[in-house]
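Common to both upcoming complexes is subunit A, partnered first by subunit B, then by subunit C.
And then the complex of A and B:
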């Protein structure tokens, strides 16, 4: 009986929306935009991915086609790697556009990844991006507001709320029905984007997408939009008029979806400022100057290293060493400089994570931020994916450079060192680079703040509706008494 | 006149007594002053970044000169030295931050191949950049229209819905009733705009020049556009609710959807494979030279620097002249790709500018970025200035390389200083097209609104 009443109210709500030409028009617009976003973003992501794959293949070919070269020469020739985006980047590109895409790996120094998409973009990018994720997280809530702000208040204004109550529907049933009805309209608006996303992800055209990730996204956006539906019906039930419910809901939407993310990012930047690139490279240099330079034979660190080697092999000069001293200097120098640069780099990344945490806490104010954070985590396009690329590329760099140094030590004689060359057959023995994306479990485990923020986002309006239930009945009685 | 002023006072009082209005005014002012403060801080951060580039150069030079014997080849020490190229920011950048979050304006340039060094990112945290940044421009272009909508969408309908419209209409004509209401709202909006802008002007030291004047004019015109649009919509016979939905819908379309759709279209229409192409080419161009005869490398070097063609380098020993010529070869190999890359970016910028004329918030924002020299065009001009600087440095040091001079032969005080990119574009050129577009849009919005809502026998 209770369910039947709720379903009747829900059907009534859907009917009211269907009769509202403005809302129907908006529904069409949201669906069209969602589909355009999916297709556009898919096209863009595909052409970017194709480009990167093409250049990656070219660079790998150039590597094995190198002529006979001295290993130290190859250390400076280095390697170029390109950051692959996750398969679901077409759905939610996350932070990718603002992180570099090409990274030059060479000896002695850690370069930064260059050419993020934002580098090629005009000032328009600051207004936001048209992506399926943006349609779901930014536009759909506004549509929910428009479809549901009058759900309860219009019944009250027309006097039909009293009728419903008189016919035996309880306030809880009415509210549940309104939530279901508005939710059904919201689901209808979200469905095309969702289906298109699933179709593209399932086709395998973008790379392997696990069902877990797709289900995760469905859960995140389902919960996020459910929160908006609950909040909308709540506002409609306790505000005096439809008009003031709409005003309140639009204000809330602007505050949570438009203002709070930017304010949060700005405050995070103000609380934990990062050194600028110039300041950062200066710090790295100061730290490096303290240990010296493997290219400089006068350097104190390498002098003591030499004494150690002379003692170990019990010889009087480096020429008599059974290993190539030049290669040893290069290898030890690389170990030291990599450690120092990695420490500095970790500090920088740690600073960024501190900023991220401020933004995560802001998720308790703005569910948009929480949903966005979780969405890019599940899509594999969050900051940890960027950091994984950086860390893995650095590990790859270190591995390649030290292999080359080992070849230098074992295959090249000390005297007349630089005139010798290593046969080109060696180049094919080097490993190629591929990013291993961070696993979903770990990514989500690190996001307890956003997960709890999103849970609260549903629980609080639900609680509010529980309280409004009593008031709804009173409002109904007051009206009937007047 | 006196009655008019009384009406104005009455309307202003009525406005400020409404809780919603009071709360939004306070919030807007608070965020506005915060954004102004942040703008000032960003300017300071840019300045300290420039200082860091300079200090790093001095520190590095001192370290190198003290750790290498004076007889060392200058070429060896110069391999490590990074020369500062700081571009001072305009005070207006406090208002419109543009792309400065992503890009360094204080590059440090070594004498090696330049193309590998030009495109360093700032140490930006991608998470924050993706969330968007809050500068005054965003507040004034993005959020202010919502405040205007909240104040004006029910200009007429509230009286009608309150049942007072027919009553007041007995005493005055429609225009006389609307004018003081509009004036009261304009004053309120003027205050929430003027206060943060004044704070930013004080913190960042805006000069009262043409740029500042155009920036103020653009913000004013953009505000005027929204007033015109709201007035046009609000004078109709629709309900307050319908007006609010139409106006907020327009805001979403103009401020969120159109820019996002145009950005996506721009990226799809103008792809930039050249970015990766030039990276690959520069690397190959330089490294191939190690496997060529030195004469071959020098031959291409002489093409660009015929004045050195009389100076050959020995084949059998390493010389720094040859080493830097190899680096030049890298830049040469990347030259076409690099030019193509810049051409595509210029196309993107021109395309964005063209389409922004039809989207008032975009027109205002892009013009503000241009006036503040924080747009893509300014970044390209900066890169050109860095190119010229790199060239000057090379010209300064080539004699030293060809003479294989030691470090104590270098006149370090005579090293050319960076000459920042000139702000050649006149503020009129940056501001006028957008201003004209905004004015036209205001007239159209008002006319369209008034036409569809021509008062019948009201």
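And then the complex of A and C:
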């Protein structure tokens, strides 16, 4: 009986929306924008991915086709890797355009990834791009507001609310019906984007997408939009007029979706300032100078290393060592310098993570931030994906450089070192680079703040509706009495 | 009924409306916060620039000291960083940091200055790939979101305040039944709406300009009156555009609720949806040339060059006979050989980059045409250009650094080729970077185009509103 009443009210609400030509027009607009966004983003992502794969293959071929070379020469020759976008980047590109896409790996130093897309576009990119994620997280809430702001207040204004109550529908059933009805309209608006995304992800055209990630996205946006539906019906039920409900909801939307992200970023930057690039490079240089220079054999660090080796092999000079001393210096120098640079880099990333954490806390104020955070995490396009690329590229770099140094130590004689060459067959034995995206479980586990913020976003309006239930009849009476 | 009566009346009405009062107060707070944010950013940039300059002086002093010591018989601290070697003095050790001072009004609009580099280390190895270094070590998330600066408050939030103040400027009078009464006086609907909106515009624009000027006082300089004027003109034109749009919608004689919905819809389309859609459409219709391709091409170029060192030296000396003095062609010094390879790499890089840049410039010119569709994009462009944080100023800086790097090379390379050593006497002649910052007149000329279009849009909306209001009668 209760369910039937709620469903009847829901049908009533859907019917009211269908009659409103303005809302129907907006529905069409939102759906069209969503579908255009999905198709556009898919095209963009596919062409980028295709190019990246082509050039990565080319770089790998160049590596294998090197002639006979001295291993230290190869250390300086280096290797270029490209950041692969996650398959779901077409849905939510996250920070992709704002982070570097290519990284040059060479001996002695950690380069930073550069060539971020935003650097090469114009300032217009600051307005954001119409991505499927943006349609769902920015535009759909506004559509929900327009479709639902009058759901309860219009019934009250027309006096039909009292009729509904008189016919035996309880306030809870009416509110549930309004939520269901508005929710159904919202779902209808979101469905095409969702289906197109699932179809593209399922077709495998953008790479393998796990069903878990797609389900995760569905859950995030489902919860986010459900919160908006609940809030809209709540505002409609406790505001005296439809007009003031609409004004309130639009103000809330502007505050949460437009102002809060920028405010959050600036608060994060103020609480945890990062060093300037010049300062950072200077820090790294200072730290490096403390250990010494592997190219300088007179350096105290390397002198003590030499004494240790001479003692270990019980010989009088480095020429008599059974291993190539030049290679040993290079290997140990690389180990030390990599450790220092990695430490500095970790500090920097830690600073950025602290900023990101402030934004996660801001998620409690703005569900838009929480949903965006989770959406990037599930799509694999968040800051941690960029950091994973950097860390993996660094690990790959270190591995390759030390393999080359080991070859230098074992295959090249110390005498007349630089005149010798290593056979080209060795180059094919080196591993190739592939980005491994951070696992979904780990990224979500690190986002408990955003997860709880999103849960609160549903729970609080739900609680509010529970309280408004008691007032619903009274507000109606007060109004008709006035 | 005179304009003064209208205005006095309006002030009382406005102050009686609590939500509006709150909105105005909140807006003022946001303006001040945004300005504070911009000032912090300017100070950060200024201190970074200061540190870079001090670094230049420090390095020069240390080198001078060591060179004097060597002249007096001391040994160089390390044979690998002997400052007498031109590839050390002109290399990483003796590098010169070229800096771009923050734009005169950076505190008002951060613009692209958090994304694009404002300092480059220049040495003889500086080449096209040096220009690909990133800007600050900023978290990509913060870059994506952008800063909460005055330009953001003006472009995004100001229109909403304007609309909240004026969506019912005429419709409310009609709904309360006072319109007929008002229009029975010897005033036109046009005059009433103009007076009401002029008062509101004065209030809003006055607030924004006051905060802007305060910002310039605190963290900028009035030395660039052209820029300040440009900024003020953009603020006024953009704010008026939204006021006039509201007047136009009011002249359509619909209900206040309808006006509000349509105006918020217009804001959504012009400020949020259209720019975002333009960005995605531009990417599809005019894709920028592949960056990956360029990086790979650069890489290939350097490989080729390194593989053919000795041929390259011969060719280099043929191309630069003035450099050949002192180089024994049969037995080139190691430094000369290395330099020949470096030079060849640079030339190839320049070719590859020039081709990429030319294509990119073409595409960007196409993309930028679309900005005429949205007043928000136009306003943003004028504002950041006036502030000195637009793309153009950074591009000019980069090209000056490029020229400077050439001068730097020309200074040191002959000595490298001749395997000569340098001494303290050359230090005073080492090139120094001096920025020739764009003149206010250039900025005005460049930003004049979008500003003119913005004013054109304003005129269009005014004409519409004027015609519409002319049709309003008291009996409506």
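Keep in mind that, in the parts below, the second predicted complex is superposed on the first by the 478 of 482 C-alpha atoms of A that agree within 3 Å, B and C clash if a C-alpha of one lies under 4 Å from a C-alpha of the other, contacts with A are read in each partner's own complex, and residues count from 1 in each chain.
Keep in mind that, in the parts below, a residue touches a chain if its C-beta (ideal position, glycine included) is under 8 Å from a C-beta of that chain, and two chains touch if they have at least 3 such contacts.
All values derive from a computational prediction rather than experimental measurement.
Look at A:406: by the touch rule set out above, it reaches neither subunit B nor subunit C.
Of the two partner chains placed around the shared chain by superposition, subunit B is the only one that A:69 touches, whereas subunit C remains out of contact. Within the superposed three-chain model, A:80 lies in touch with subunit B and with subunit C [touch as defined at top]. Of the two partner chains placed by the overlay, subunit B and subunit C both lie in contact with A:122.
In the superposition on chain A, A:347 contacts neither subunit B nor subunit C. Legend: residue contacts after superposition of the two complexes on their common chain; A:289 is shown touching subunit B, with no touch to subunit C.
Put simply, subunit A uses residues 22, 33, 36, 40-41, 43-44, 47, 51-52, 55, 58-59, 62, 77, 80, 82, 94-95, 97-102, 104, 112, 114-130, 134, 138-139, 142, 146, 242-243, 246-247, 250, 254, 258-259, 261-266, 268-270, 273-280, 282, 293, 296, 298, 348, 352, 355-356, 359, 382-383, 386 to touch subunit B in one complex and subunit C in the other. Across the complex, subunit C meets subunit A through its residues 19, 30, 37, 40, 44, 48, 51-52, 55, 78-80, 97, 111-112, 115-117, 119, 132-148, 152, 156-157, 160, 256-257, 260-261, 264, 268, 272-273, 275-284, 287-288, 290-293, 295-296, 299-300, 303, 306, 360, 364, 367-368, 371, 376-377, 380-381, 384, 390-391. Within the complex formed with subunit C, the subunit A residues making contact are 22, 33, 36-37, 40-41, 43-44, 47, 51-52, 55, 58-59, 62, 77, 80, 82, 94-95, 97-102, 104, 112, 114-131, 134, 138-139, 142, 146, 242-243, 246-247, 250, 254, 258-259, 261-266, 268-270, 273-280, 282, 293, 295-296, 298, 348, 352, 355-356, 359, 382-383, 386.
Those residues of subunit A that touch subunit B in the complex are listed here as 22, 26, 33, 36, 40-41, 43-44, 47, 51-52, 55, 58-59, 62, 67, 69, 73, 76-78, 80, 82, 94-102, 104, 112-130, 134, 138-139, 142, 146, 150, 242-243, 246-247, 250-251, 254, 258-259, 261-266, 268-270, 273-282, 285-286, 289, 292-293, 296, 298-299, 348, 351-352, 355-356, 359, 369, 372, 382-383, 386, 418. Only residues 20, 24, 31, 34-35, 38, 41, 45-46, 48-50, 52-53, 55-56, 59-60, 63, 67-69, 80, 82, 84, 86, 98-99, 102-104, 106-108, 116, 119-134, 138, 142-143, 146, 150, 161, 239-242, 244-245, 248-249, 252, 255-257, 259-268, 271-273, 275-277, 279-280, 283-284, 287, 290-291, 318, 344-345, 348-349, 352, 356, 361-362, 365-366, 369, 374-376 of subunit B touch subunit A when the two sit together in their complex.
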